[in-house]
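Common to both upcoming complexes is chain A, partnered first by chain B, then by chain C.
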Partner chain A sequence: MPLEIITQEQEQGAQPGAKKVPNAAKPEPQAVHQDVAAPPVASKDSGPPKRSESFVFGIPQNGLTSKQREVPVDEPPPLARNADLRYIGKPTARYDGPAKAMGKGKYTADVQLPGMLYARMVDASVPHGRIVSIDTAAAEKLPGVRAVYVVQHTYGLAELRDPKQETPSRYPLIRYAGQPIAGIAAVSPQIADDAAKLIKVQYDPMPFVVDRTEARAADAPAVFPGPADAAGSAGGGGGPKGVPQVGNVHGPQRKQTGDPAAGFAAADVVVESEYFTQVQTHSALETHGFVVDWKPDEVTVYASTQGTSSVRNDMADVFKLPKSQVRVITEFMGGGFGAKFGIGNEGAVAANLSRMTNAPVKLMLDRRQEHIVSNRPDSHQKLKIGAKRDGTLTAIELTSYGTAGVGTGAGTAGPATNLYTCPNLLTEEYDVFTNAGPGAAFRAPGHPQGCFAFEQAIDELAVKLAMDPIALRDKIDENQARRVERQLIVERTNWRNRRPAGSDAGPIKRGMGVAQSVWYRFVSMNSSCEVRVSRDGSVELMSAVQDLGTGTKTMLAIVVAEEFGIPPGQVVIRIGDTRFPVGPDSGGSVTAGSITPAVRNAAYQAKQQLFAAVAPQLGTTPDNLHLAEGRVLFKNDPSRSYTLKQITGKLPTDEISARATRGPEYAKEKLTYGGVDYVELAVDTETGRVHVEKVFGAHDCGRPINPTGVISQINGGILQGISYALFEQRIMDRKTGYMLNANLDNYKILGAREVPEIEIELVENYIAQSSTDAAGIGESAGIITLAAAIGNAFFNATGVRMRSIPMTPANVLAALGKVPGQPGQEVQA
Partner chain B sequence: MTTPTPTQARCASLRSKSSYGAFGDFHEELVEIMGATTTYWCLNTMGKAGPDEHYVHRSICQQGRSCWENPDAD
Partner chain C sequence: MNKFAYVDCKTVDETLAQLGPDATIKAGGIDLLDLMKDGIVAPPKLVNIRNVSSLRGITAAPDGLRIGPLSTLTEISVHPEVQLRYAALSDAAGHAATPQVRNMATLGGNIMQRPRCWYFRSTDFDCKKKGGTSQDCHAHEGENQYHAVINNGTCAMVHPSSTAVPLLAMNAEVELTSKRGKRTVPMSGFYVPPEKSLINETVVQPGEIITSIFVPAPEPGTRSAYQKYGEKESFDWPLADAGVVLVMAGQHCRQARVVLGVAAPTPMRATAAEAVLTGKTIDEATARAAAKAAMQEATPLSQNGYKTQLFQTAIYRTVLLAAGQMQRDPSAIG
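On to the complex of A and B.
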C-alpha cells in the first residue's frame, strides 16, 4: 500500500472544525495562555481524561483559523500565536554561545579523566580479503601500551551461506579498506599511534570493486557472495521478501500507484533524463568517538552521539548490562548529521579496552577514519515525467541505482513520491554493493539526491511547457506553506526580472533558479523531562536529550521561560545525561517536535504545584495566580504582585518538581514540512567556476520556537547544500580500493570565500498537534534543495543543464562542451 | 506492485537509526517512507554483514536466517 501524505491544505480542507478568521490581514486575537484550562470532557477513547480546547491553526499569511482538539487534562492551555507570546518565537541568542566561543564547552574529544588511556583504531589496508593472522606481540611490548583488543568473528548460531567462498575464520571478512580490525590503548596518543604501526596483519586478498557501474556487471567481484536472491538462502531461510539480490545489485524496492503507462500515454509533454550524484562524507568536525570509564558498579560513557539513549541501550545489549548500570553523557557535541547512533565499532572497542585495563579509555577516530566510517550514497537516476499542457502531472517514473558501499540505503524516491500530486507513479530503487565504506543516514537521507534530479526535471518541464517554473509549481503543489513560500520568493527576490536562459553575452553568465523540499513529521515518545523550582526562585530543566549543536538547549530554555515568565537565560538547562529522564534521539528532525511538548507540560505542572503550595499563604486560591514578566500576579487584583523569588520563598519544602512525558499527537495526521530556496549565481564559462551569489530561503517547521536557532539551522543546511553541489566528492582509487582524499585538504568543503549572501524567511504553520506545535528543521533546511536550485540557476545562466554533481570546474567545462568528453558524464564516485 | 513490507519478526540485533526511537502511531509510516534510504547494521558485528557474512537488511534479517535472534527472548 503506497503511503499517502496528507498535505496541510488537504488537512485544512478536510477538517470540519476549521473556522476561517474573518479578516485575514488581522487574525482574530488568540487568547494568550492565562493558566486557564477548559473544563474536562469525557474522553472518546480509553486514554487519560481529556478536555476540549481551541487551538490557533494555519498559516498567518493565509489567515489563521482555530482547531478544536481533545487534550489530556494535565496539559497546559493552548499557546497563542507567536506574535502574542513573550519569549517563544522571539529571536534569542544561543544559550551556550559564550561557552562555545570561549572554548569552555566540553566535547567528548575534550574529556580528560584521571588515569585515562588513549586508544587508536587499527583498520584494514585491503578493500577485500580474508585475515590470515594478526600479530600483536610487538605492539603489546611497546612501553606505554596497556591493552590490545582484536575484533573477532561472532558466529553464535550463524552458518556461512557458502562455505566454498566464505572460509570460517577467527576474524570477520574484510569488505572495505578502513574496516576496523583492532584497538590499542596506551598512556599517550603518540604511543597508541606507534603501537598501531606495529600490528602485523596478514591478508589473503580477494578481488574487489569500488565503482558502482563496474559493480553492476555480471562478472564483478561479489561483495556478498554465495547463493543470490533465492528466498531461504540466507542461512537456511528467511530470504528476501520482494527485494531481490542479483550479484551486487539489491533491489528494486518498488512503489507504484495508478497506471504509469496510461499516464504517459495521456501526457501532452514528456521530459526524460538521467542524473548523477556523488558520494558525500559526513565530515563532522568532531569525529566519531567515545570515552568509556568501566567500573564494576557503573559504566560511564562520554559519547559524541545523536542519541544518549541509543548508546545506553547498545552498551546494555552488547555487554549484557542492566541499563541502570550504564550512564551516557553528551554535554556538547560537534556534529553528526545522521551518522552517530548507537555505539558502533569505536564504542564497543573503547568499552572492551576500558574493561581490560580498568582505566578510562578515549577512542576518537582520526580524520581519515571519519571520512570512511560513513557517507551519503551516490546515485544514477533515470527520471521521466509526463504532463498535460496546463502543467498537470500525469505520470512519474524513477529508476535509481546508488551505492552505500557495503551497505544499503541508497534510495532517492522521496521527492518524486511526496512533493507533488500525480495519480500515476512508479519508483524502483536499487542498492549496488561495492567494496567501499558504508553509507549512513545523512541529513534528509536520499532527498538531496532525489531532489537534484526531480526538481531539475520539473524545471525542464516548465521550459518545455513555456511556463514560469514557480507558476508550474503553483499548479501542481497542493502544500499551502510552500505556496506562501513561493509567493515570498516572487515578492522578495529578483525573480520577476528573470531572463531567458543564456541571456548574457560575455563569458560570465548569471542566472536564477528555485527548488523545493519536503520532509515528514515524526515524533518520538521517548521524550521526558523534569522541571524543578527551588525555594530561591531558580528553575531547572533536566532531560537526557542531547544538543548536537542545533540549539536544543536554547529552545528548551525558551519554552520553560514562556511558562514562568522569566528570561530564558535564567533557566538552567541540564541535558545530555541519561541520569535524567529519557530524551529522544536526534535524527530525522524529531527533536523539537518530540521534547518541547514534554518540557512545556512539565513546566506548566511545576507552576501549578507552586501556585497550589503558596496560595493559602497568600490568602487566595491557585487559580487566581498567574506568572508574567517574572512576577506572580493576582487576577482579581492587578495592583498586587510578587517576584517569583518572593513566592518560591514561601514554599514549604526546598523544591518542587514535575516530570512529564510526551503524549501522542492530538490527531493522527500525516503532515509534511518543507521549504523553497532561490539561488542567484554566476558561471565563469572560461574557467568553469560556479559562484553562488545569493540564496533566499523560505521555510516552514510548525511553530518556530527560536527563530534565531531555526535560521541558523537553515543557514547551515544551505551551506552544506552548496558544498554538496559544487565541491564535495569522495574519490576512490579503482586500483587499490582506497579513498584517495580522506582528509580535509583534498576533500573540498565550502569555505568562507564561497559563502553567499543568505536571507531567510520563516513561515509559521500552526498544526494543533501538541502543546507547543514545534517541529524540527534539520532535514528540510536547504540541504535538500540547493543542488537542484543551483542546477536550475545554472541552466538559466547558460542554457545548459547540469546533470552531474559536484559542479567542479572540470565537470562544468565538460558540460559546456569545452573539453573532450560528453556533457553529463558520470562522475567518479 | 509495491514492494511489500515484511511482516515476520525482525532480528533482535538488527539496527537502524529509527530502531532507537519510539514513534508510536507513526512507526510503520516512518519505516515505509524511509524504506529504501534506511541503512542497517548488526549489533553483533557492528557492521553491514551479519554473523553469517551476508548483508543485513530488514527484508532478510528475519526468522529463518541462521543468525536470527528472537526479539521477544529474555
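On to the complex of A and C.
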C-alpha cells in the first residue's frame, strides 16, 4: 500500500506523538513523529556501522524463510523462531499479578503522602454559556479548605482558528456540561466536597445542542462561532485541521484514490447501506487522576497515565519548568484505553493547587466526571461498494459524520481504506461539534465504528454475490497473515456448518459471522532503557515506559531473561519513572514494538561488557563465552561452566550497565497487524437479547513475546468489543445537555455472565524489522471486529441486518419489527 | 454526602424511641446510601436496625410464611421451604441485583427502596417528586427508554423491587409498628401510585417500621414463578419482570395472579391477563393470549414501545415456567 496512507494516519492522529495539548504553546515536535516511517537503512557512509544478518521471516503456516538485513554492529545476533527460544514466546504469568491480586499494587488513587491534601474538581452545570462570575469566598472560608484554583484555560477542546471571533472573557467559555471550572484542595475529601457546593458560578447561558443529527441542521446552535480545530493526543484521536467548516459541521476530510465513478460504472454489483454507532465512554476502572507534590527543586507527579513522558512534557510546557525538575511516576495503572495522555485539566489543576498550598495534592475525578472527560465519538456512515461478479472490488465510497463533542476525531475511514485491495476509493469524513465532552483516542480510534459498517457491508456484498464471506475475503485481501487466520477459522470452528440466514424456526435463532481488523505498525523512537548487572548476579532493567495493565513489565522481563538465560522472575523490572531513560507513551499499540528492541540490545550489551570484564580472569576471550540456563558456558569447552553469580563475582566494579535506544526499523515498509474474529451467537427474537456464545479469534502481532499477555489483551479486546456492540452507550438529555447515565449502573458494561467461551490462536509473523520483531496487540485485539462480527452473525441468525449499535432489546426489537409503530429492517432470508 | 447522626438499635422499642421526624431507618443501606451519595436525600439522623435481632428470621408455619424484614435476599432465596412452596419469591430474591448486593439487601429495604428514574435520581433535575417546581415529568419529553409503559401519565418512574412482585401475587401482608401500635397492610394497598401522591411511594408513615412480612400459605395445586428481563444478565435493573401464581388442577388453571414489576410506577396486577388464564388449560397459546391482554392498556412513551413486547415475552414465558411447561429462560437476568 502507498506510503501516503501512513502519512494520512499520522494526520488523523491515529499514531503516537501528536501532542495532547495542554497549552496553546507550539507543541514541541517529538522524535516519534519523524520516525514512524523509518528512514531506509543507512547507506555505508552514514549512521552507525552495520553488519549483514539473516533473519527468520514469514509465517510458520506458510513455511518460514529468511531475510537479509543490515543491522547496527552493536545489536545482538538475530533471534531464532519462538519455538527454538527459551523464554520468549513461552506463556508466562503476569509478573505483578500476585501484587495486584493481593491489593499490594499501589495505583495513583492509592498514593498517600505526608501532609497530602485532597482535591475536588468543580465543573460546569450548563452545557453552553459564558461565566459571568465565580464566587469562591464561601468555599475558601470553610475550615479545612487550603486553596481554590479557578481554571484559566481548559484543555482538550477544539480551539477557534480565529480567537477574535469570540469576545474575550475572564473565564473560559463553557461549551459542555461538566467542563472543569475550578479545583479545591482541602484536608479531607469530605471537606473538599462540601466546599465544592459553596462555589457560586453565575452563567449567561447560551443555546446548545447535544444531538449529532440536530447539530447538523443549518439553524442549530453553534458550538463554536467559527471554524475550530482540535489537536490529537499521544494515543491518536483528533481530527484534521484546516478543513472547511459550516455551522457545526467540520469537514470533510476528503481522500480519493483512482476514479470511484469509473469503478462503480465497471461494477457488476453495488451495495449501498447506512450504519450508526453510539458514543462509548472509556470507563477505566481507575478514574483519571494525579498526585502532585510541588517542591521548589523538583515537582513529583504520580499519574494515572499511559505516558510518563507525555505528562512530563506537559508539566514542563504548561508550568515553564525544565524537564529535569519534573519527575513522573506510574507504578500501577488502572486502565486508560487512550484517554490518559498528558496532564489534562485534572493534572493542571492538581499542580496549581499543590504549588499554591506547598503540599502534595491528590485529585482523582469521580465516576461522573470520568464519563464526561473523554469518549469514542459516534458515527453515521454511508457506504457504497462496487464489485465484479468474482468479488474483485472496483470502488468504495464512504461518507461519515460523527460527533466528538467539543473535540474532533470522529473519522471512520481506516478499515474501508486499509482492509482490502481496491483501486478506486473516496472517503469523506465529517466531525460534528456538539455541546458534549470531547472525544479522545479510544482503543483503535475510528476503527470499531468503521469496521462495524464496512465489514457488514462486505458481508452484504457476499450475500449479493452469493459468495461465502470468507471466500470473498480471500479474493480481496492480499495480506498473508489474515489469509492464514481465515483458514484457521474455517478449520477450527463451525464455519463449514454455517446455514443460510434465518434458518431457525423458533424464537431463538442462532448464527455465525466473521469480521477482520487492521492496525498499523507505529514505532516510537522515545524508547530507551538501561540494564544493570551487579556483582551479586542480580539483573535490573530501568525505563520510564509504563505498564498500563497490559503486561509490559512481564514482557520486558522475558526479553532480558532470554539474553541472560535466567528465568524472567529473576529480572527486576523498574519502570514507570521518568528518572529512568525515556520510554514511549503507550498509544497506537507502539509499546512492545518500540521498547523491546532497546531492552534486548541493552541486555546484550551489558552481557558483552560482563564477558569482556571477566574473560581475562577466566583465561579466555569474551567471544568464547555465552549464557544459557543461568550459567556461563564456554563455547570451545562444553565441560566448563560457571553460574552467573560466580562470573559476576569477578567484576572489577560493583556494577556494570548498558543503555540502549530504539534504532530505526531495519527496512522501510508499510506493515499492518490484524486479526479475524469469529462469533457464534443466539438471538432471542422475543426479548431482543443477543447472547454471544463463542468467539474464536486468530490474530497476528509480529513475534509474540509473551503469548499469555497477548492472549489476555485479545480477551480484553473481545470483551470490550462485545460490550460496545451490545450494551454501552452514553445517553444525553437533549433538553438540558446533561449525561443521564454517568455512572456504572445505567452506563452498562459487560459483566461476568456476558462472557462467552473464547479461544485465541496466535499467528506468528516474523517481519525482520528489529532485534525482537515484537509488535503491539492492544488495538487490533477484538475491539475493532466484534461489533461487525456480531452484526454478521446476527444477520446469519435472523436474516435481518443490525444497522445500529448497541444491540439492546430496544434496538433489536425495533429492527425485528416487534415494536409497535416502528417498521423494522427488511428480512433477507 | 451530608453529615448525619448515627444510632445503632438492638430492639424494636429502642428503634421506635429513636424514630423522630428527622430520623431515617437504615437496614442494608444499599439504596439509602446511594441516594445520600447522590444528594437526593440528606437525612440528619440514621437509625441502624441491622442489629435488631427480632427482625431477622424466616418461619414457615402451616398458615404461611413469616419473614423478618431484615432477612437478606440471599437468605430468602436459599430457604428450602420458600423454594418449595413460594417459588416465585425465592426466584425474585435470588435474581435481584448481584450476589454481593443480595448478601446485604434486606427484604424490608427492598420493598421500601425508592423508584428508578434518572431524572429523579440526579440533582441536575428538579422534579416534583423531589419537591421541585418543574411542572412536567422530564421523562415524558425526555429519555424514557427505561420508564413505565402503563399508568405513566403523572410520573413515569418504575419501582424496581423484585420481591414486591411475588409478594403482591401471593397476597402478602406487611406488618407496620409504631409507637401507637401495630397495623397490617396488604401488599395490594402498600404502594401509592403517583396520581395519589407524588412524594411517597408507600403507605408507611414517619415513625413506622416494618416488623414482619406475612405470606399466606398457598392453596393446594399452587405453582409460581418469577422472571426478570434486562439489557444484560449481570448487574442490571429490570426492564420487564413478571410474577405468576397459578392454582392448578392438572393443566387446568383454577385461579391466576399475574403481577408486573416495572410496567407501571408501582408493581401492578395484570387483571386482563389473569382473566384470560383463569378457567383455561395452560398452554403456549393461552399464555401468549394472556400476555397480549396484559399490554392492551399500555401507553408507551416515545422510546419505550419495545417494553410492551418485552413484557409480553416475560409474561408468557413466566406463565409457562410456573405451569412447568418451560425451562427457566436464559434471557432472564440474574
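Just so we're on the same page, the second predicted complex is superposed on the first by the 744 of 829 C-alpha atoms of A that agree within 3 Å, B and C clash if a C-alpha of one lies under 4 Å from a C-alpha of the other, contacts with A are read in each partner's own complex, and residues count from 1 in each chain.
As a convention for this text, a contact is a pair of C-beta atoms (placed from the backbone, for glycine too) under 8 Å apart; a residue touches a chain by one contact, two chains touch by 3 or more.
Keep in mind it's a predicted model, so treat the numbers as computed, not measured.
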Practice task
Kindly classify A:503 by the partners it touches after superposition: chain B alone (first), chain C alone (second), both, or neither?
Solution key: neither
Exercise for the section: Have a look at where A:570 lands relative to chain B and chain C in the superposition and call it first, second, both or neither. Expected result: neither
Practice task
In the overlay, answer first, second, both or neither for which of chain B and chain C A:429 touches.
Solution key: first
Practice task
Name the contact category of A:708: first (chain B only), second (chain C only), both, or neither.
Solution key: neither
Practice task
In the overlay, answer first, second, both or neither for which of chain B and chain C A:661 touches.
Solution key: neither
Problem - More chain A residues in contact - chain B or chain C - result: B
Exercise for the section: Have a look at where A:392 lands relative to chain B and chain C in the superposition and call it first, second, both or neither. Expected result: neither
Exercise for the section: Please write out, lowest number first, the residues of chain A touched by both chain B and chain C across the two complexes. Expected result: none
Practice task
In the complex, go through chain A and note every residue touching chain C.
Solution key: 125, 190, 193, 684, 686-689, 691, 726-727, 731-736, 738, 740-741, 745-746, 748, 750-754, 808-810, 813-814, 818-822
Handout entry: Residues of chain B touching chain A in the complex
Key = 1-4, 6, 8, 13, 15-18, 20-26, 29-30, 32-41, 43-55, 57, 59-69
Practice task
Flag every residue of chain A that touches chain B in the complex, lowest number first.
Solution key: 1-3, 153-161, 166, 172-173, 175, 179-180, 224, 226, 232, 234-243, 245, 250-256, 307, 309-310, 313-314, 317-318, 338, 341-345, 348, 404-414, 418, 429, 431, 433, 438-441, 445-447, 520, 522-526, 584-585, 587-588, 590, 664-665, 668, 670
Fill in the blank from the handout: Contacts from chain C onto chain A in the complex sit at residues 1, 118-119, 122, 124-125, 138, 141-143, 145-146, 229, 231-237, 239, 300, 303-306, 308-310, 312-313, 330-331
